[in-house]
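Residue numbering begins at 1 within each chain, and the chains themselves are lettered A, B, C and D in the order written.
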Amino acid sequence: MDPKDIKKFLELIEDTDIVELNWEKDGQHIGFRKKEGAVRTVVVSEPAAAESVPANDTNGKITAAEGKAASTNHTLKSIMVGTFFTAPTPDSPPYIQEGSKVKKGQKIAVIEAMKIMKEVVSDMDGKIIKIMVENGHHVEYGQPIFVIAPNVES
Amino acid sequence: MDPKDIKKFLELIEDTDIVELNWEKDGQHIGFRKKEGAVRTVVVSEPAAAESVPANDTNGKITAAEGKAASTNHTLKSIMVGTFFTAPTPDSPPYIQEGSKVKKGQKIAVIEAMKIMKEVVSDMDGKIIKIMVENGHHVEYGQPIFVIAPNVES
Amino acid sequence: MFKKILIANRGEIALRIIRACKEMGIRTVAVHSEEDRESLHVKVADESVCIGPAQSSESYLNIPNIISAAEITGADAVHPGYGFLAENSYFAEVLQSCNIKFIGPSKEAILKMGDKVQARAIMDKAGVPIIPGSVGVISTAEEAVKLVRKIKYPVIVKAAGGGGGKGMRIVQNEEALKNAILTAQNEAKRAFGNPEVYIEKYVEEPRHIEFQIMADARGDVVYLPERDCSIQRRYQKLLEESPSTVISDKLRKKMGKAACRAARAVKYVTVGTVEFLVDKDGDYFFMEMNTRIQVEHPVSELVTGIDLVKEQIRLAAGERLDVDQDEIEVKGHAIECRINAEDSDKDFIPSPGKITKFIVPGGPGIRVDTHVYQGYTIPPYYDSMIAKILSYGHDREEAIIRMQRALSEFVIEGVKTTIPFHQKILANQYFKKGEVFTNFIQKRIIEETSSKQ
Amino acid sequence: MFKKILIANRGEIALRIIRACKEMGIRTVAVHSEEDRESLHVKVADESVCIGPAQSSESYLNIPNIISAAEITGADAVHPGYGFLAENSYFAEVLQSCNIKFIGPSKEAILKMGDKVQARAIMDKAGVPIIPGSVGVISTAEEAVKLVRKIKYPVIVKAAGGGGGKGMRIVQNEEALKNAILTAQNEAKRAFGNPEVYIEKYVEEPRHIEFQIMADARGDVVYLPERDCSIQRRYQKLLEESPSTVISDKLRKKMGKAACRAARAVKYVTVGTVEFLVDKDGDYFFMEMNTRIQVEHPVSELVTGIDLVKEQIRLAAGERLDVDQDEIEVKGHAIECRINAEDSDKDFIPSPGKITKFIVPGGPGIRVDTHVYQGYTIPPYYDSMIAKILSYGHDREEAIIRMQRALSEFVIEGVKTTIPFHQKILANQYFKKGEVFTNFIQKRIIEETSSKQ
């Protein structure tokens, strides 16, 4: 992440009551948490057009590479409201970790709602790039919970 | 005036309570009168930049000529509120008519306010192009009352 | 008292409830669909949770997500507003099982009043006048023919699970009756999942008069002065006022007491409304009970000074009524106009879109309840009501003039609204004289307008 | 009754007067400067006339153009609002000579109350308590020294033609007195064209309590419950309420009657306000009379139900009072916050400019009087007040909470406003207890804030 971008973000959240900010360039997600409040999420699902244009300097090459990744990475969003857990019980090991390979249909988390645990399964074969919600935190409808890099067919 | 422009104006005033509309291209004035209401005036004092650019077809030449006139013509505005008269008494002949040559300081109208007649004098040597208010009608502050073409020093 | 209330609704009523909570020192949780992120109720609440996509069925009617939202935010009560889950007894039941208080009556009271046939029987037993008609559900055409020979035509066939005019058929003679029963059953099944219908004598040119009641858990019930909601279009209320021009002090007392009996008969707690039809002779008949706060509650607030939403919350929390019947009196006159984003010139088709200019009326005697603002985009998914304008005056004439003044000031650009239609109603001579029946819009506005053209 | 009223003012008060006229069926003429073409009062009036350039001296104070505007539009009365020409006896006189009714008292009453020294003498004669001090104008320091030896320090030197704190000097001892007289005379001459000064005993920690009166041409006068306007900053009122926390029913009656005597003493007609200082012992002293409608009139409207602007117009038209003193009672409690486009963090410097977002509060018990809207540009030429928010509650506590709720909803972007400052006042413990004196802002807000830093 470019230091200029970091500075820009810090300026943006100054004077707000945002206490936690997650920024993901490849998948183009911005998640933030408000003080005492519910989780609010802004999802920019389409990477900006400019980023997929290969640039012509050293920095540019990196951008181009990132741009390519961005167009393939996938965000799995919560379709329910509840509490997010990375493991089926407090004592069990987590289903997966960042970097884990996953199969389509594989259990990767649970969300507890109304005393019932609902399993979250991966919707594709690939690799977990990022777990976007901390274990035990709340999720709302539509909130990004995982970034998955699909297996490249080549 | 272009028939298209006329049509555009008619569309604009449809569904409004405007009952009288004066449009002056050279001096760029638009005056309109509301039903039962006070006179409302919009003054666009600067001719649009585009009009001073000579165009390259037959219509264009006329536009260009008008554009030139517009940049030199002068609008005399009322600096008081009252009733506008073109003559000192109902029986007298009018001070001037459209087309009259006038000298700076020459009486060209009177405005009656609070039973007192205040003279309106021309603020330059030139020719009256247009009397913008009808005899006996009301004027408000800043309302254009005359368009004067100054004498060209050549 | 509750510490945190989740508002399971949107729009102006969500905002209204949040306002009451703020004034009571109760924290608030707004829930919202993805579409409603920029809605005012979300911005004004202390917390907010997105509960689903735009479609109501997946968001504002999504019971698991709403209850999860209450759980993760630690809300100890849920206010359902009106519409959506407000009269859903299952929702009330699930909340109860989760130890979250439903701000409304018991699930039993909701169920009893929700079944129109059962409600009729309970009212009859409680001594509340009901419209002559079938005692229970009508199953066959033969049964219907026999009944109607006694009560005479015209009659109306209604859905037991219904409301809002759906599944209703007015029948003028015996030939039409059989077919009407079948059609109504089919329509009722489609609309409410319940094909049961019943028959009532059709009251001609009635007024829609309703009584707001407040009841506590101890069984004390009081009524507020009536609201006249006769100005309706296709069973949708457009303009409400209090008091009514035709209800005498004596009749008010009689009907008010009947409304209280209705509430007691189902052990009603919190606030509710008993709706009556009043015929030309001043006879009144129970129509139905709304077991929730209503859109038009502010007209009663203006003439009595009672904050109904605060009272509703207090009563739901188990507190006692703090006002006696004889302390409640009508003072002045209030009118509400529901401003909808609809094109009244084009058969009231909804007019969603971005509000490009919005200047609300103000000054003396005007109250505005709205969740929209300049720059807000009205989504096409929900109710078209975008504002309620209320006027208050010393008398009906002043309230009407104030409303006319307010509507003339109200600037809404970017969408079509029903403001011009309300201006027609307010200027109508029959309206000014107070001669309003439930057919007013059809007879005095729509037919008169078209006959002039 | 008048057929057409010209409103010689701008801003919220022009809109307020137009609203009253609309409700009375009177046509309206707005006058405006070139700068104010887009102002709401111009849009809402039936007609409008541009009377001059932006500067008030050339437009809203331009008597010939305003009277011409009344003549060409055929207005039969002029309402001056507050400020500008509202207390200009010459304006009242010229209108009278043109057979146009000035909506206010006679020019004689304006003159008498405008000269503070003369007013003191008239009040003294009428049995209205005045602050001990000079009987007339003080010309020399020697005269002053002699007087103050009798009434004791501290004293205050005031301009006879003054108001709003200009030309005022508080003097603690004899050494400072001579200099104070000279300085005040110079300042008064510069500000009001009249160097005359007088001396009063300085009342410490007083409350500013004022009584709204209404008087008809027959000489009947009634008073409304008091307004407490002690919350001031540099003699400018910020927040007003009715009733006051310290005025007993008995004192209200005593002061109200004194206010009526004050009005009768100058044959006052229409509405006006008698301002008093009330000291710690509950003794009250006449301060001045405002011979016009005031900014804070709506708080009295909310607690009495009387529409003061309508009454003012009725009384100016020669109609009689239609309310008796014993019919006027306080019901509930009302608060007004004046929202100014000022930066309260930067010594209240004005903050003109474009309003980029504007969402007004609403719901129960809230009244908003404002002439601005989203997209409007606040010009730098006039008063910085952009809105008045009023809250009404059953009691003071509810009114405060409602106001806090309303201010928390009020969104104004693009300019700085005094909303945060009002929030500080409302949250202050001394304010909540009702312990407010005219030094409240200085002592409880500004000094406490700076001592914390």
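One rule holds in what follows: a residue touches a chain if its C-beta (ideal position, glycine included) is under 8 Å from a C-beta of that chain, and two chains touch if they have at least 3 such contacts.
What you see is a predicted model, and the numbers here were worked out from it, not measured in a lab.
Taken together, chain B and chain D share no touching chain. Each chain gets one centre point, the mean of its Cα atoms, and the points for chain B and chain C are 58 Å apart. A separation of 66 Å divides the Cα centre of chain A from that of chain B. If you average the Cα atoms of chain A and of chain C, the two centres end up 43 Å apart. With touch defined as above, chain B holds no residue shared between interfaces to two or more other chains.
In chain C, no residue reaches two or more other chains under the touch definition.
By the document's touch criterion, interfaces exist between A-C, B-D, C-D. Across the interface of their complex, chain A is touched by residues 29, 34, 46-53, 59, 64-69, 71-73, 94, 98 of chain C. On chain B, the positions that touch chain D within their shared complex are 34, 36-41, 80-83, 113-114, 138, 140-143. In the complex of the two chains, the chain C residues touching chain D come out as 15-16, 19, 22-23, 40, 44, 298, 301, 305, 307, 332, 357-360, 362-370, 373-375, 394, 398, 401-402, 404-405, 408-409, 411.
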